[in-house]
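Next up, some structures in structure tokens.
The same chain A turns up in both complexes below, where it pairs with chain B and then with chain C.
Right after this comes the complex of A and B.
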């Protein structure tokens, strides 16, 4: 464990990726070993694919602060698409460690987020998860990388906790997860950061109370500007069976079914968040929409 | 030109509403404000007014419907009391949070349990933090004038307004009232032109947005700022009312306060009794006075400080209990005076619960106790109008 008395971790991920569980797991291990830890979550639009943040605090003395850490020592980015949209460096200093789920070299990520200044670990947790679990649940792999980067607890202890959490219900799933933790630990790569790199730009200022629209009354149609397409971790695929009954169009919460000449022709990649409602409501005898893994742009 | 009529408080409100003729009224009538809606429904049935009246299944729905209509751009009024105010509590915050100028007449009544239909201030005091402007009238005349002013105040401040008056004491007693001509009222209130509305489809807006921790406090602060500005709006509209119709009420009313040594502070109809008691005290050589709060939200703290600071002792009368602490008016008066280097001794008396009368003798006793304590240089104990001696065993 580093010399610091308290270690604060912030997790950036998307609803449905299991990051809440990932944030809790190290806390549970530490508490079980009679240490002090706290795991919390920032609540917002709790929908599948929406950006969410979780926190883990670990300390060698009693934790008295329940508010969310403002200056985390470690930031874990579970979904690399968030590097563009979320302020992942917010509140961190040069010593903070950034762990990113990415197939890229850590140096490239450091360049992209900080001009090369920051300390970055990367691990291709999605690829590992797909190989070991057959699903994009990168959290256990990232847990392995976190243990490697911090030596918070031993690898054995975290493996035990993972085993306990998953129980004996599904031996294959358990072995897959244990293997994912081990591979995350072993395959994580580090970049030290460079002193003379350009400092990161501070967050832009926000509107004061008197500059905000009264009562938060906004112009209509703001949902259009809000790119829920970023949230997608699965995507719909349309096949020839479609009879153009328009049920999917009626139910899609983001108006992402594209219709031309009274025919469904595809999905709006800007707004389709991959919720799968369209596939669910498509009549069982037709099944013209299938949901597939991955947030690839869906076809128009 | 004012015309003298005899009417109950509720009838006076109904007449004012007929003259205002709001676009929409949504209500679920409840004692003691039932008569307002009853009379108004009659006006509609007789074809005198064109208001769209929506009778719904509860007060929760009544306020919800008011919000929908108001957001759509209508001028909206409702009336309620007691349990009705309690049931719509949740929705009151939405009306003010959305900055909708809904006006509600409230005949104040006690809250259950025990069941009681009579006047006290528990209902509206329970919603004093709901972000509504609260104006309390002392009699039917003031209730009539205030509801007319309230339309302008609400629309000017973009905040909802409650016009409160004591249940039964004011709502049901026949009083002498001078009403304005219909045209005078119509001219005073003018036409309502909301800045945004749901039905303004050319400049359509999203109402009721979601605000996380990074925006919520800013939007709440806007409401706080609007309340602060509302003090000036209430004053300005009252002045305009004075210029046109010769009557004004101010943020609060004072009686014999300038040279007073001791005073009571009160809300509502009991002010009348306290004026009598003040006169009697003066005959006995006691320099008594009284202050009656009209605007309770926003609370005119600064003006009140300036008015009360020279006194030796004050008894603040609360017509609601706040079990576990002191009365709400007492707390606000204390906080208004706390910044004075030397402030009067301030005590609290809870009275009038469930419609119990504060008779003249009791009122005089309050003044005498204040005078005695002042002479001895001590503070009067907090009081509660309750029987402390029983039949014995």
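Right after this comes the complex of A and C.
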């Protein structure tokens, strides 16, 4: 028997970004090469925009552990806004490799998440995806960066897999995706991490399930304190045409239309998810709301 | 409308429903319509899971979470308990309350049907809302008995062997009508009649006995459309007569919106990915159109329009 080697990858993304598919791709390549691999997804409702996690496990021997990896060797962050809100480093040690979709230098990201201690790769996968595919679909670029960081499989093999996966369904996007993988591979940048960096203070541990109150009551409306503002990829902008008919207020799913003295004055940046319903329901003759690219705080 | 601004909203922001989800819009408009304080009983559903993630809750009204299958039993129990306490004058306030029971199509059309039927037959004074998003979206988009004919779901996949769901959806509003309760409404969050849903809810709150509202709840993930189009899709459901707006008041059927020009069902199908594969199948579309036409004619007859 060969020495047992396993590699565990955790993906952090948002519902709707296609990270489930991304987590499967390297697994499929490995299986095709007669290796062992497993791709799984954290059980839960797939809210589009909400943070989700997926896992890929790769091994040279049969995988008997079906539970989700708790100590991943590699963490891939598909959406850099998650760096602030999700426990990205949870369960990892100093040797883990963190791959982040970001235009920043890896050293800056390493500083932000670990005071400069951790090994980080960055690649501007969103920009590459927009150039090559015309859409913010960063996964194939990140796949390229993953291959570069780990030499898990060869670049050729993963290109083949991408071609096979997309070939039937979406020939038009194929060339762009292949190019995105190549560019992810070539343009990923690395920061080694520094021994003498000041370690950041670890996040306080969350309550375990057995520490939670049994069938208790909660005070009303505490969700107000929970920000969903970082789900936005477009944001609403109000203009002077508004006649304050309140239709947008009646139809906003997130209570994010701010009204003062019976007038719409803006949007709640903490809760607006950027769905665009307000812009659609504003009467066609008025059109007082436009959706603009980017998750910038909407004006209030 | 300005008066509504004074009403305490039932749900805060910060809940974790999908961007553009119709369910919080419906919940907010329904609760807004009540003239009295509301106590809500909520069956497990997308709405429940996403609005009550510990230690947060987005609800501003008292809310009791129960299982998929017993929301109506619990709601009628809450009503009975409240009446008993009131009779004993042991309550700090002796005001009247509204007991609102909420469930998805799973908790209403399917697993919750017996409990619903029981509560309606016992004439419990509850207000019952069904959030009909036409599938088990919370658990990953499986079919329900509300899923329409031809729709792709993970348990009725399209492919060489199948064109999606092969059964026609269940007529739940009709089943509820057979219980002869004082108020029944079929509604949707639409801008072509922006106050229809709220007005129906308000009538339900005044009913002397059970009231039931079946509300179409467009789901961008499960149906396959852009989150911004939630309301446009609901409008289309009404304009194609796929989901007519009507009410049954003390047994009298009444159409509350009649499209000036009835749009072809193809428009409804073409707007959603779950029907994508049907668009090249002319005979199937004709079949769907024919059944929708028949249902519409039958409804017009019941409403004395023909």
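Operating definition for what follows: the second predicted complex is superposed on the first by the 231 of 300 C-alpha atoms of A that agree within 3 Å, B and C clash if a C-alpha of one lies under 4 Å from a C-alpha of the other, contacts with A are read in each partner's own complex, and residues count from 1 in each chain.
The definition used in the following text is that a residue touches a chain if its C-beta (ideal position, glycine included) is under 8 Å from a C-beta of that chain, and two chains touch if they have at least 3 such contacts.
As the structure is a prediction and not an experimental result, all values here were calculated from the model.
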| item | value |
| --- | --- |
| First (chain B), second (chain C), both or neither touched by A:26 | neither |
| Contacts of A:176 with chain B and chain C, given as first, second, both or neither | neither |
| Chain B versus chain C as contact partner of A:214, first or second or both or neither | first |
| Partner chain in contact with A:231 - chain B first, chain C second, else both or neither | second |
| First (chain B), second (chain C), both or neither touched by A:271 | second |
| Partner chain in contact with A:49 - chain B first, chain C second, else both or neither | second |
| Chain B versus chain C as contact partner of A:15, first or second or both or neither | second |
| First (chain B), second (chain C), both or neither touched by A:222 | both |
| Which partner reaches more residues of chain A (counting touched residues only), chain B or chain C | C |
| Chain A residues contacted in one complex by chain B, in the other by chain C | 45, 212, 218-222 |
| Footprint of chain C on chain A - complex, ascending | 15-16, 45-50, 212, 218-228, 231-232, 245-247, 249-256, 259, 262, 268, 270-277, 279-281, 291 |
| Contact set on chain A toward chain B in their complex | 44-45, 206-210, 212, 214-222 |
| Parts of chain C lying in touch with chain A, wherever the complex brings them together | 1-2, 4-5, 9, 11-25, 28-29, 46, 49-61, 137-140, 189, 191, 194, 220-221, 226-232 |
| Of chain B, residues touching chain A in the complex | 97-99, 158, 196, 204-207, 209-212, 214-215, 217-219, 221-222, 225 |
